[in-house]
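Multiple structures follow.
Note that chain A is present in both complexes that follow, paired respectively with chain B and with chain C.
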Partner chain A sequence: MSRLGRAAVSASGLAGMLALWETVSDTGLANAALLPPPSTTLRAAWAIIASGQVLAPLGQSLSLLAAGYALASVLGIGLGLAMGCSRSIYGLFEPLVELLRPIPKAALVPPLFLFLGIGTTTMVTIITIGCFFPVLINTVQGVHGVDPVLLDTARTFRRSRGLTILEVILPAGLPMILTGMRVSLALGLILVVLAEMLAGSGGIGFLILDMQRSFDIVAMFAWLLIMALLGLILSLAFDILETRAVPWRAH
Partner chain B sequence: MVALDDVSLDVRPGEFVAILGPSGCGKSTLLQIMAGLMPASAGEVKLDGHAVFGPPPKLIYLFQQYAKSLFPWRSVVRNVEFALQSRGVQRAARRGQALEYLKVVGLDGFADRYPWQLSGGMQQRVAIARALAAEPEVLLLDEPFSAVDALTRLELQALVLDLWSRRKLTVVLVTHDVDEAVFMADRIVMLSGRPAKVTKMREVAITRPRDPITTREDPDFLALRHDLMAELLARPGVNEGGPL
Partner chain C sequence: MYFRRSRRLLLLAAALLACHGVARADEMKTLHVGMIPTIDFAPFYAALTNGYFTEEGLKIDLTPTTGGAVGIPAVVSGALDIAAGNVVSTILAASRGLDIIAIAPASKVRASDPDLAAIVALTASTLHSGADLNGKTLAVNTRANVLWLYGRAWVRKTGGDPDKVTIKEVPFPQMLDALKGHQVDAAFMVSPFLNAALADPAFQRIGEPYQQVQPDVDVGQYEATNAFVREHPKETAAFLRALRKGAVWFNANRRTPALADIVAGYSHLSAGLVAKIDLPEAPMTIDPAQIGKTIDLMRQEGLLKAPMDPMKIVYTPATRP
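Moving on to the complex of A and B:
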């Protein structure tokens, strides 16, 4: 099928879903008070965006994500390189990682409240922990997967171990590292919403729950839509960044 | 597994030696041991009288899988700069010098391309330029032309011969191509199949400079090529698995 054809099919799927939602709400099949039609929801979302009302909550959610994600990436890549390059460091941390990795990170929120209180510290911590493991695991795999020819090339040109890690292993492992960071980004967004619902005071996740509690259903759906849009934009931005960072991956 | 057995070889400074043998006979292993990339289980490698324990300076190993040995995240010129950096060339001077080495291999117009944007033959030229940039005295070539098309192979052979004579390099070339060995080398060392042993040493008395066309019509060339070919084909193991 042509690209245009495929795009048309995808668009019609989306349009069909919206039409169904609109019909269900308009005809009273579903309670319009609980499920406002998409036209109303879209208008409300647009009003929030156009008025600039979106900025403060968006800023809060994004900075939360950025803090946790950045911290997790730095720690994950750092430890991942160390574990990937050194057998003994790998031996030291591997059992620990395997033990902690399967814990659903959301379950750690209650104990974190005990130690860190209900606030920003806990929120950043839970996002960091959640984002950390995919980056770590993929970095280790990326390092282990570096072509031995590249390493021998560094050796024949007499590069020191440290420079080889920096100039050869890190860039050669970058495609895998980015794969981990992509998983983490999606996970991070989930944890931002969760953290804000449990401990937040103004981010988008907080507002979705807050609007539901104050029974402003249209606003709840509007913020939900904005959250979805944010996820989509972040994912697309990551795609673009990734293609630029590792253009050789496609070859 | 024993790849090599009692292989002894002395290479004189400035000499072009070809190590010839069937595929999988341990030629590459021998070359990697000579390069200090792989420890030998027994025996020793000496360069200028000093034992080799790791990759020595003044010696560069050129990989068979040249495409894999180039850094895809570095442009062509930055790949060459990698070698200059090892030599301690100042950052500001690197690009200019790297461009000179690219000019030597005929790639000056491709400095800012990336390796994966080039053909196989051009990638091998980048690898050669990078090797030259390390200003080695010894170049170890592991079947460097086996993955390029026939015409490109002839061009690259001529290029390497030219560089060898102009830069007074010592070259050890590993190949399974009799024609290539006779065309390029001063001396040919023949290895048998696994575990490899030296079965023959032949001086190549063909005049230099050698020409891709006329040298191959030289009676000396043809006679030596005939001898070596006969030797290779008669050896058991070469045609293992099927009648000739």
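Moving on to the complex of A and C:
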């Protein structure tokens, strides 16, 4: 199927879902007060975006996400490379990682608020912890999966350990690392919204909860839609960056 | 062979579940009720413990909620039949077109009731008024409800700017720990948790929003949808009869160990502490004049845009078709 054909299929799927939603809300199959039709929701979301109301909360949520995500990526890739390249470091950290990794990070939010207080530091900590593990695991996998021939070639050319990591291992492991970072991005957005709901001091998550408490259901759905759009834009941006970073990976 | 048997069991289970929904005159009707563990709803718990609901042929299926703002969506969606709530959440929901009505009063705060609700802070802190709360955190059980509204009004009345106060959601039973752990600077606590805090010298009362902003305010209510009341008039009437009996019993037994035990049971505080609380009378009717004042306050605080008739959210037998 051509690219245009594929795009048409996706668009028709989305259009069909929206039409179904509109019908369900308008005919009363679902309570329109609880599930406003897409026409109302889209209009409200557009009003929020056009009036500039979206900028401050968006900025707040994005800066939290950026801070936590960047920190998690640096730490995850750093430790991942170390664990991947050194048997002893791997042995040292692996039990700890396996113990902490399965804990759903969303469950850590209330206890962390309790121990560290409610503030920007805690929220960035939560996002960092949540985003750290997928990047770490995937970096280790990426390093372990490097073609041994490449490593032998580097050794033949007498490249030092450090240069080998920089010139061979990192580029070879990059596809896996980026996969981990993609997972972290989605997880990070979830944790930002959750932390903001509990902290009560601004951001998109806080607004979604506030609208729910005020029974402003249309506004709540509008903000949910804006958040979904944010996730989509971030995902698309990540796609573009990934194509630039690993052009040799066939899609 | 194995699959056939488990399929038969599945069909049997499905049939039984289907029968469960069929109402028969000689059977108990189950009501799904959302409840908040504060003193406002002690009459309900008294009615439950004393078997008044059973006498009326009702079986109560209880779900804990943190507040009316949580209970009302559950009622509107049909997950709950009746929910414990507050006047502000009911008015807000009704103003947004949600089908909600207050079927019975739960509590009101008169000028002479000092220990029902108050703003509490650590004694070690230097907070004494709304002005001191600028830039600080105040805990309420949920946003956009009666505590949120009157807390903000109190901040404004005592020299502060409510928009400068960060309001955080903390369930009532956790407010004490949130204060101790410096998660929040002040908390709008209600009885019996308030009394547990005031019995501890580490905490001090810094304000009484209800008494200072609107004495005799109607605070707690029992909510249901108009649709439920219309479709289940007998169950609603039975619920209200049992509840009223519970309120009468509550009023007559305020100083007895029996009531202290009931409140201690659902709040998980000690009966000794509860016995010391000077409990006020539970109201028997909703006061539309007070609801009107609350509506005015909501408009002042920007929570409500247009005026509303208080009777819109008050259940009277005449609203039954």
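The rule is simple: the second predicted complex is superposed on the first by the 243 of 251 C-alpha atoms of A that agree within 3 Å, B and C clash if a C-alpha of one lies under 4 Å from a C-alpha of the other, contacts with A are read in each partner's own complex, and residues count from 1 in each chain.
Convention: contacts are C-beta pairs under 8 Å (C-beta built on N, C-alpha and C of every residue); 3 or more make two chains touch, one makes a residue touch a chain.
This one's a predicted model, so the numbers in the text were calculated from it and none came from an experiment.
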Three-chain arrangement built on chain A, chain B and chain C clash or fit: fit
Contacts of A:V246 with chain B and chain C, given as first, second, both or neither: first
Which superposed partner A:V168 touches (first chain B, second chain C, both, neither): first
Which superposed partner A:S201 touches (first chain B, second chain C, both, neither): second
Contacts of A:T153 with chain B and chain C, given as first, second, both or neither: first
Vertex chain A angle, Cα centres of chain C and chain B, expressed to the nearest 10 degrees: 160
Contacts of A:D216 with chain B and chain C, given as first, second, both or neither: second
Contacts of A:H144 with chain B and chain C, given as first, second, both or neither: neither
CA minimum distance (chain B, chain C), superposed complexes, angstrom: 50
Doubly contacted residues of chain A, that is, touched by chain B and again by chain C: none
Touching residues on chain A, where the partner in the complex is chain C: 31, 33-34, 113-114, 117-118, 198-201, 209-210, 212-217
For the chain B and chain A complex, residues of the former touching the latter: 32, 35, 37, 54-55, 57, 59-61, 63, 65, 68-69, 71-73, 82-83, 86, 114, 116, 134
Chain B partner contacts - residues on chain A that touch it in the complex: 147, 149-150, 152-153, 155-159, 167-168, 171-172, 174, 246-248, 251
Sites on chain C touched by chain A in the complex: 69, 72-73, 76-77, 89, 92-93, 96-99, 137, 142-145, 166-169, 181-183, 303
